[in-house]
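You will see chain A twice below: alongside chain B first, and alongside chain C after that.
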Partner chain A sequence: MAKHETPLLDQLESGPWPSFVTDMKHQAETKPEVWDILGQLELSYTDRISHWKHGGIVGVFGYGGGIVGRYSDLPKRFPGVEHFHTVRVAQPSSKYYSTKHLRALMDLWEKYGSGMTNFHGSTGDIILLGTRTENLEPLFWDMTHDLNQDLGGSGSNLRTPANCIGQSRCEWSCYDTEECCYFLTMKYQDEIHRPAFPYKFKFKFSGCANDCVAAIARSDIAVIGTWRDNIRIDQAAVKEYIAGNYPANGGAHSGRDWGKFDIQKEVIGLCPTECMWMEGGQLKIDDKECTRCMHCINVMPRALRPGVDTGATICVGAKAPILDGAQFATLIVPFMKVSKDNDFEELVNFIETVWDWWMEVGKNRERVGETMQRVGLPTFIKVMGIEPIPQHVKEPRSNPYVFWQDEEVPGGFERDVVEFRKKHAA
Partner chain B sequence: MGYNPEKPMEGRISDLGPLYYEQFFPAVIKENKGKWLWHEILQPGVLLHKSETGAEVYTIRAGGVRLMSVEFVREICDIADKHCDGFMRFTTRNNIEFMVDSKAKVQPLLDDLKSRGNKFPVGGTGAGVTNIVHTQGWVHCHTPATDASGVVKAVMDELFDYFTSMTLPAQCRIALACCLNMCGAVHASDIAILGVHRKPPMIDHSRITGVCELPLAIASCPLGAVKPAKIEIDGKEIKTVKVNNERCMFCGNCYTMCPAMPLADPEGDGIAILVGGKVSNRISAPKFSKLVIPFLPNTTPRWPETVAAIKKILVAYAGDAKKYERVGEWAERIGWEKFFEKCDIPFTEKSIDDYRLAYDTWRTTTQFKYTSHIK
Partner chain C sequence: MALSIEDLKLAILEKATKSPKPQLYIKDFYECDVDSKPRVVKNAANDLVKEGKLMFWSSGSTTMYALKSRIKNEEGAEGVN
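Take a look at the complex of A and B:
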C-alpha cells in the first residue's frame, strides 16, 4: 500500500531502461521508510528543487570522514528520511565481489539503514544511502567486527583510491593496478580517515593510456600504465586482420557495415606520430617515435601488445571545474617502475614529497593542481627535485617573462645606481 | 555482543581498509591474472578474454542503475550464485558484470537475465552508448540544480538502442553531474549533462550569524562578489554579507561554505549540455567537454528538452563522424561552427568563454568555414 502518491515518479516506471522507482517501490514493501524517500523525491519533482538541508556533521568516533550527514527539510512529513546520512564503504580493488560478502553487507544495511545503496559512488566507494545518527556506531561496529569491512573517505583527506580492472581481466594493463591501489589504500588508512589536508586528495590507477578509471581527468595523482620498449607484434595475426579474419577493435564496430578492414586507413593512417608502415607484407613500427596512445593496439588486440618493460607515467593535479576551471593532470614523471617487489617505493616517495609540500603551502580548499598553478610548474618540479624536461610542456612559453634568480645572473641583482649615473646622466 | 554506547571505545576496530580483492576473484580470473592475451566483443554486452593458458572468460555486461535497493543487490547475488559460482563485479560506469568460464554457460545466463523483465539490459560495450555515470541529485544531495537518477532514466530510455548495439563511430561516454561541483567529473565526457543554477544566492540574515563563518563565505567566491555587510535585525546590528549580483557566476561555492546563502530555484535551475570531452589518450590527447547548450529547464519527470537535445547530437554524430572518431575529434575535424550547424543548435554568446583562461578558446587564425552563422 503506497504511503504517498507519486504520479510524477510513476512515469519513470515505463521504458526499456531499468527503473529505480520500480525498484524502490519493491523495496518499500519490506522497508516502509523507502516510501518517505519516494515521497520526498516526488515533492522535489513537483517543486523542482532539493528538499535536503544543508550539510550536517556526523561520523563515527575516531574518524573524520566516511559519513556524510544529511537531514530532510520536511522531517514531519517524511519521518523516514528525517536523518538520511550516507555511509561510504571502502570498495575492493576492481569492484569484484563474492555474493557471500554482498549479502552480508545487504543484511547489515537492511538492519541499520534505509535499504537503498549506490553501486558505486563517483569516487569508487560503495554508498549506503540513508541512516539515522544513532545507527552509525552500531553499524560501524558490526561492519568492522563481523565483516572485516571499513569505511572510505570524505572531507579534506585522502579519498578512497580506485583503479581500473587491471591485469585481472585486461591484457593491456602495464602494472598491477589492483595491488597498487590496495597497497597504498592500506598504507594510508590514517590519511583516509582523519582529515589533515588542505582539501580532498585523490589517487587513481589506470593500467594503460585508455585510462578506464579516468585518472588523468579527476585525480590529484594519476598513475597511468605505459612501457618503454617496443610494441610486441605478431605478424601472422596482422595478416589475419588484413584478411578480415579477426574483427577490428575487438569487434567493437560490428553493429554497422564499415566496409572491409583497411590497415592503412584505420591503423597506420590514424597513428598520431605516423610511426607505422607496411613493408614486405609486415607491419613495421618505429617505436622510438611512438607515444603509446594505444590506438593500434586497441584496433588489433590479437596482433599488437604493449612492450614488456612496463611501468607508469605519473601525472599530477587534475580536478573538476570548481573553482578556477577544470584541470587535467600534468605529466611530471614520464616513466616510473611500479612494483610490489619494492613496496612501490618510488611511487610512495613521490606521493609523500607532494604531500609534504602541499600540506605546507596549500591554502584551505585548494586542490594540489590549483597550488601548482598558483606557484607555477617550474617551482613545483623544483620542489619535487625533478629536472625540467620538454615532456613537461605541450610547447615552450611564448612570453619572455622569465623569473630569473639572483644567483643565475653574473654579479647578482644588487647594483650601485651612483656608479651607474657616473656613466649615464639622468 | 555488539556496540556498547556506555563504552564506545572499548573493543573498537578501525583502519581495516577494504577487503583484499583477490578473495573475490572468480577461479578463472584468479588463475589467469596477468596472463590474458586478447579479447573480443562477441555481441553487444558479451566479452571474451583469452588467456595464454588457453582459458577463456566470458563476461556478460548489464546496465545497472547506480541507485539500487538491498533487494535488487540480492537479485544480482541470486544470478551470480546460479551461474557464476557466487562472484560478480561492477564496472567504473555502474554496469554489472557476470563472468563464466565457458561458452556453454553464456546463453543460459543471457536467457536468465532476459527473463527478468527490463532489470538487466545486456550491452554497454564497444562503439555504442554505455551506462551514464551520475551523481545523487534530489534523492540525496543538498546542492543539486537538477535530479540525477530520473534524468538518466529518461535519457537511457531514449538511447536504449545505442546501449544494446554497436553502431556508432566510437564509444560515446555520457555523464551527469547535478551541480557545478561536478562530483561526477563530467568535464571530460563525450556528452555531459550538467545541473546549473541561474539565480544568485539569497541571504538569510536571520540565520547567518549562527551557521556561517563570514570570512570563509567571502573567500569562497572566485569573483569577489561576496562582501561583508552590516544590517539591522530587530533593532540589533548584525554582521552579514552582501552579493554583487552582476559578478555572480552561479557556481554555488558560497552555499557550500555557508548554509545561509541558498541559491537553488525551480525556474533558475536546469541543465547545460557540454560535449566533446574524453579521458582516453587514444589518437588525440584528453579533452574537456565544451558548453554548447547553456540551459534547458527541469521539466519533470522526463526532461524532454534534455532528452531531445542529446538524441539530436548523437544522431548527427552517428551520421557524420568517421570510424574511431570520438564526438570531440569529430567536432574539431569539421570545426565547431559546423558542429553547431549539423546538430541544429543555436550558437549564443554563452558558449564564448569569458572566465579565466578564456583567451585560449578564442580563434586566432584566418581559417574558418562559411556556415549559416555568417550572414
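Take a look at the complex of A and C:
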C-alpha cells in the first residue's frame, strides 16, 4: 500500500522507458523508508524546491571523505529520510567483481542502508544511497574488514581515480591503465581520504583516444594513451576489408544493412586531418599529420593497429557546468612515457606540479580548469615549465597585442630615470 | 622562515576560534603562515582533525574545517552545494 499519494511521480511510469519510480516502489515493499523518498520528491515537484539539506559533519573516524551527508528538512513528515546519507565505495580497477563479492556487498547494504544503489556514480564509485548516521561506522567496519573494500573520495579530496579496462581486455591500450590507476590510488591514499585541495580533483586513465572512461570530459588530469611512431598497416587485411570479407568495426554495426564497405567514404573521407589516401592498391598514411584519433583503427581493426612506441597524452582542466560552463580538458603534454618501470615518475611530477600551483593560486571552490582559464594558457604552461607548441593553439590570434616578458627584451624593462630625464623634461 | 608544525597548528586553531564564520576553507589557513607550503598547512589542519580539535564539515563537493565547539548540531546547511 502506498504510504503517500504520488500522482506526479506516477506519470513518470507511463512512458515506454524503465522508471526509477517503479523501481523505488518495488524497493519500498521491503524497505518502507523508500516511501518517504517518493513522498518528499512528490512534494518537491509541487513546491518546486528541494527538501534536502546539504552537507554536515557525517563521516567515519579518520576519514574526511567518502560519505556525503544528506538530511530531510521535513523529518517529521518523512521520518524515513530524516538522515539519508550517501556512501561512496571505491570501485576496483576496471570494475571487475565476482558475483560473490557483489552479493556480500549488497547483503551489507540491505543490513545497514536503504538497499538503493547507483552502479556506478559519475565519478566511478559504487554509490550506496541512503543510510543513517549511526549505521556509518558499523558499515565501514564490516566493509573494510570483511570485504576488503574501501571508501572513495568526496568533498575537497582527490576523487576515486578511474580507468578503462586497458590491457586486461583491449588490444588498443597504449599503456597499462589499470596499473597506473592502482599505483596512483595507493600513492595518494591521504589525498583520497582527507581533504587536500581548494575543491575536488579527479584523474582518469584511458588507454587510447576512444577514451572509454571519458577522461577528457570528466577529469582535471586526463591521461589518454597514444603512440608517436606510425600506425601499423597490414595491406593484405586492407584488401580483405575492401573486398567485403572482413566486417567493418568488428561487426559492431551489423544490425542493419549499410551496403558495401566503402573505404573512401568510411575511412579516408572521415580522417579528421585528411592524411590518408590509396595509392597503387595500398593504403597510405602521412603519420606526421595523423592526430591519433583512432577512427580508422576502429573501422578496420584487423588491418590497422596503434604504433609500438606508446605512451600517453596529458590533458588538464575538464569540468561539469556547476560554476561556469562545462569544458573539455586542454592538451598540455602531447606525449609522455607512462610506465611502472620508473614508478610513473614523469606523471607523478606533472601531477604534483599542478597541485602545488593550484593549491596556491586556485580560489576556494575553483576547479583547476577554471584557474587555468583565469590566468590564461600561456601562464599555465609557463608554470608547468613547458615550451609552447602549435598544438597548444586553439585558434589564430584575434588580439593584436604582443606581450613581451622582461627577459625577452634586451636590457629588460628597467631604465635609468636620471639618464632619461636628461633628455626628456618631466 | 616557516613556522614549526606545532606553532602552525596553534595559529590554525586561533584562526578557527576568532573567524567570524565557524566554517573555514583550507585556503583561509594559508595566511596563518605565508612561508609554509599549502600542502604543509593542509597536513597540519588534517592532523588537528585527527587530534579531535578541528572537525570536517562537508557539503559533498567541498570540505571545510571548523572548531568542534563552534558547531552545535550534526545537521546540514542550506545554500551550499
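As a convention for this text, the second predicted complex is superposed on the first by the 345 of 426 C-alpha atoms of A that agree within 3 Å, B and C clash if a C-alpha of one lies under 4 Å from a C-alpha of the other, contacts with A are read in each partner's own complex, and residues count from 1 in each chain.
Just so it is clear, a contact is a pair of C-beta atoms (placed from the backbone, for glycine too) under 8 Å apart; a residue touches a chain by one contact, two chains touch by 3 or more.
All values derive from a computational prediction rather than experimental measurement.
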item	value
First, second, both or neither for A:54, with chain B first and chain C second	both
Chain B versus chain C as contact partner of A:70, first or second or both or neither	both
Which partner reaches more residues of chain A (counting touched residues only), chain B or chain C	B
Touching partner for A:331 - first (chain B), second (chain C), both, neither	neither
First, second, both or neither for A:37, with chain B first and chain C second	first
First (chain B), second (chain C), both or neither touched by A:11	first
Which superposed partner A:238 touches (first chain B, second chain C, both, neither)	neither
Which of chain B and chain C A:62 touches, first, second, both or neither	both
Where chain A meets both chain C and chain B, residue numbers	53-55, 62, 70, 86, 190, 322, 364-365
Interfacial residue positions of chain C with respect to chain A in the complex	25-27, 30, 37-39, 42, 46, 49-50, 55-63, 71, 74-81
Sites on chain A touched by chain C in the complex	53-59, 62, 64-65, 67-71, 73, 86, 133, 154-157, 190, 194-200, 322, 355-356, 359-360, 362-365
